[in-house]
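Take a look at the structure set out below.
First chain written, first letter: the chains are A, B and C, and each begins at residue 1.
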Amino acid sequence: MKRRNFLKACLIGGTTIALGKTNKGWASGSFEGYPEAMGVLVDTTRCIGCRSCEAACNKEQKLPEPDTSFDDPSVFEHERRPTSKAYTVVNRYQKEQPSGPVYRKVQCNHCNEPACLTSCFVNAYTKTKEGAVIYNSKVCVGCRNCMIACPFNAPGYDYDSATNPIVKKCILCYDTRLKYGKPPACVEICPQEALTFGHRADLIKLAHERIRATPERYVDHVYGEKEVGGTSWLYLAPVGFDKLGFDTTLSNDPIISNVKDFLGMVPMVLSIWPALFSGIHLLAKHEEQGGHGHDTDSNQEDTKP
Amino acid sequence: MSSYKHFIVAALSIGAISVSSPAALQCAPVPDSITLNQNGKLFSPFTFNHAQHIQSIKECADCHHHTTGTLVLDPNCARCHQNSSPTAVVSCKGCHSATPFSPENLAAKRADKQRYHLDKMGLKGAMHQSCIGCHNKMGNGPTGCQDCHPRTKEGAAFYSTNRKGAKPAHAEEE
Amino acid sequence: MKKMIQHGLAIVDSPYDEDGKKRTLVNKLLLGLTPSQYLLQAFRNPFNWILAAIFAIGIPILIGRFFFGLAWATSGSNDYPWGLFLGFGLFAMVPLSSSGFQLGTACEIFGRHDLEPIERLALLNGLLGYFFAVMYLLADLGQPWRLPYPMVVSFGPAAVLFLVAWHVATYLSVQVAEVSSAFFEWIGFPAGKRAIRRITLGLTVSGIILSTLHQGALGALFTYAPGKVHPLWYSSSFQWLHFFVSSLPGGLCMVITVSTIAAKTMAWRGDSRFHEKLDKVTVSLAKGACMGIATYITIKLIAIAHDNKWAYLDTGWGQWFMFEIIVGFMLPLTLMTYGVHTRKMNVVRLGAFMTVFGVVLNRVNTAMITFNWKLPHREIPPWREVIISLTIFATYIVVYRFILYRLPILFKWRRQEQEETVPEAVPAPALGRREASSVPVASYSSMTKLD
């Protein structure tokens, strides 16, 4: 009887855990991104801060009207970030420098191994083969873990909506353009061709070629080539990236690699704990039967006769 | 020798403009004015005073690379184009595609493994960079959007110009 | 309540009243009082007035949050997506609720039956802590009605949060099962209790596994944001260990705290066993907590050494970090060690309170205060967010008190003694017919014990 109960107990415990068991191919090794993935190279030396990309994004994605017009330069007074109402913003840096201001467009960088995707517990994010990181608002629960996880602070949340708040971010115009091989709206409108659209692999070569051809124009780094495992959006800059609001402390490993320490220990706990603690229980019980006895008045109804 | 040739060609082109007899030249006729942004939706088409630019710059290669047959200034371009003759097509749009990132253009670029000019600008980018870049460098000439091409009604809507001063610029974000 | 007991009110601690009659459910719910008496004692309690005031303001705002959206109720910040609801509600409530699995393990696995007087309180503390952490979560989620989605609609199994969701949900049901034996006693359904008793070991072991994993997983959630959490609160290798290990003293000290409050404010409810053993049990818990804190401080320092972050200690953040470590962990460790050695219970309890504070501060620091430390501005939660958090916490207290007042948590359900004496007073057949619960003692004594 006792043994049967014990086995039963273990079985129930085991089932409970099996339900919670979640480890499926976590360690994806080093994913270099889809070979056919597209991307955009942002040459900050070319950008003149006209904010046409913001306007184009606003119209293409049918976002609400902006607080102030898209040719209002006063927005540059503060550093801005993408929100649910503006998937891309242009910030101004180095205003005081004699070489003139440097403008930087900010949006979702479409990582090869997106942190948002790996942190999402309903798998709302997809990295498409075209390189876009898209989002399924139909399953989003609204935990906003993706916003915590995103190293570039790209996703914005629709806090204003009470009934259907969703995460909103740049999707590389996937639905309307990228899917058909067309460049995103911001690239198409850019008058200076500060944004170059193409295959990510080609863009990396192109970026290095620009640095090689005009080394006085650029710092020798392509931001996004390696950062957090590589991103579809790549940047060239005339000055150190840290001076343009880029996070230069990011590791070259994707964000998920930080989490692997924990994920790696999950199967260990799942397999060792039941055996360990059931074993300890048996040991403790044996000792008890060996004469220690237990607090007789403490065990509710089932006191020993 | 090269500076001599340079001088001759420059003198010839100025002469060509001043006498307005392009036929006198070997190359394609040089227009005095060009209508740019012909199919512009957000910004209206406008007239570019080519003659005025020739007069003030006097250097075709500043804009036209080696295509006019003048002396190649960029040492990198000179490696190949030192002795290039004038090309059949001189206009910007003849070489710079209006749709540089169309699927067809990207595919063509990928297919052509030997292509050297991989980073060739699109038409819009080439024009804007050329104009604004030079105007900035020279310290004169228009650099604002509407200084060259006035915005259309559609353009005004596109840039949400009616929202001007609605609120202090995105102050809430902070 | 105290006064009423002085006036001869018999407290409900068995299925029968002092006349030997079986108590009805209503009677049990009203603590053996008449409805008017019950209301009277409720009104007399000043604490109820405070609660009423909180609810009067808080409940409309809580409802408003669901009608006007998160932007109305919270800071709705893109840079600080997790505010008070999660920073305090989820991340602080869960570690304080680790008591359930710890005492379960001690009693059921290690055979520490001397801790049994507090086992049920610890289990209940765990259950309610988790339950209200989920309540906070529901208030915070953009679309709370989709909470079951990770279980049924769309799976993101590579996400730590997926593991948390599954484990908290599973563990919540494990805890409901564990606590339900007290409920079955109270309601009078011994078959249910027996069934639970049989699977206790399984429940307990799964409790350990689930707890280890999700307590750690809550920490691991922050390893998704390596650049955003301040380095002193972040460690890629140690984050989950920090959260798991600090949850151990957190849970134990929460039980000390709650039992202290309960022993003071509802002394009538605890039976003599509870009151007599409380000090001894508290000492045992404090010893356990001390071990936990000592380990925690050690691995915290190891983590700093591991990534060589000593330089950060010399900054403003470093001072804040030192404050948390010293006031929240080192000082309580000293106090409790001293208190345990000298048997100064007040010192031990003070140490426990401070540990609870330390664990809460640590979670709030990680999730909110030091989060995004590189950004120039800090987010201060707007008043509605504070009120809602307070309201949910007040509900937690009310539910906690409601259960402690009624279910045999702090006292033993006097069943056997009654059954031995009662048959003379009440005709047994009548009982038998009334409810299956009255199956004679035999069924209990023949019941197989697991431990």
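The rule is simple: a contact is a pair of C-beta atoms (placed from the backbone, for glycine too) under 8 Å apart; a residue touches a chain by one contact, two chains touch by 3 or more.
What you see is a predicted model; the values in this text were computed from it and never measured.
Enquirer: Line, ring, star, complete or other: which describes how these chains touch one another?
Expert: The chain contacts form an open line.
Enquirer: Using C-alpha centres only, name the chain that sits farthest from chain A.
Expert: The chain lying farthest from chain A is B.
Enquirer: Consider the two chain pairs A-C and A-B; indicate the one with the greater count of contacting C-beta pairs.
Expert: Looking at A-B and A-C side by side, A-C shows more C-beta contacts.
Enquirer: Return the distance between the CA-based centres of chain B and chain C, expressed in whole Å.
Expert: 71
Enquirer: I'd like to verify one number: the distance from the centre of chain A to the centre of chain B, where each centre is the average of its C-alpha atoms, in whole angstrom.
Expert: For chain A versus chain B, the centre distance works out to 40 Å.
Enquirer: With chain centres taken as the means of their Cα atoms, state the distance from chain A to chain C in Å.
Expert: 33
Enquirer: Please list all residues of chain A that touch 2 or more other chains.
Expert: 81, 83
Enquirer: Out of chain B, which residues touch more than one other chain, so two or more?
Expert: In chain B, 174 touch at least two other chains.
Enquirer: Can you list every residue of chain C that touches 2 or more other chains, as numbers and ranges?
Expert: If we look for residues of chain C contacting two or more partner chains, we find none.
Enquirer: Would you pull the chain A residues touching chain B in the complex into a rising list?
Expert: 46, 48, 50, 52, 55-56, 58-59, 65-72, 74-75, 77-78, 80-81, 83, 180-183, 187-188, 190-193, 196-199, 202, 205-206, 209-210, 213
Enquirer: Quick check on the complex: what are the chain A residues that touch chain C?
Expert: Touching chain C from chain A are residues 1-2, 5-6, 8-14, 16-17, 19-20, 22-26, 81, 83-84, 115, 118-124, 136, 139-145, 147-149, 151, 153, 155-162, 164-166, 247, 249-251, 255-256, 258-259, 261-263, 265-266, 269-270, 273-274, 277-278, 280-281, 284-285, 287-288, 294-295, 297-305.
Enquirer: Which of the residues in chain B end up touching chain A in this complex?
Expert: 76, 100-103, 106, 109-110, 118-119, 121-122, 124-126, 128-129, 132, 143, 145, 158-174
Enquirer: For the complex, give me every residue of chain C touching chain A.
Expert: Per the stated touch rule, the residues are 66-72, 74, 76, 78-79, 81-82, 105, 108-111, 113-114, 116-117, 140-144, 146-147, 149-150, 153-167, 170, 174, 181, 185, 190, 193, 197-206, 208-210, 212-213, 216-217, 219-228, 236-237, 239-240, 273, 374, 408, 412-413, 415-416, 444-445, 447-451.
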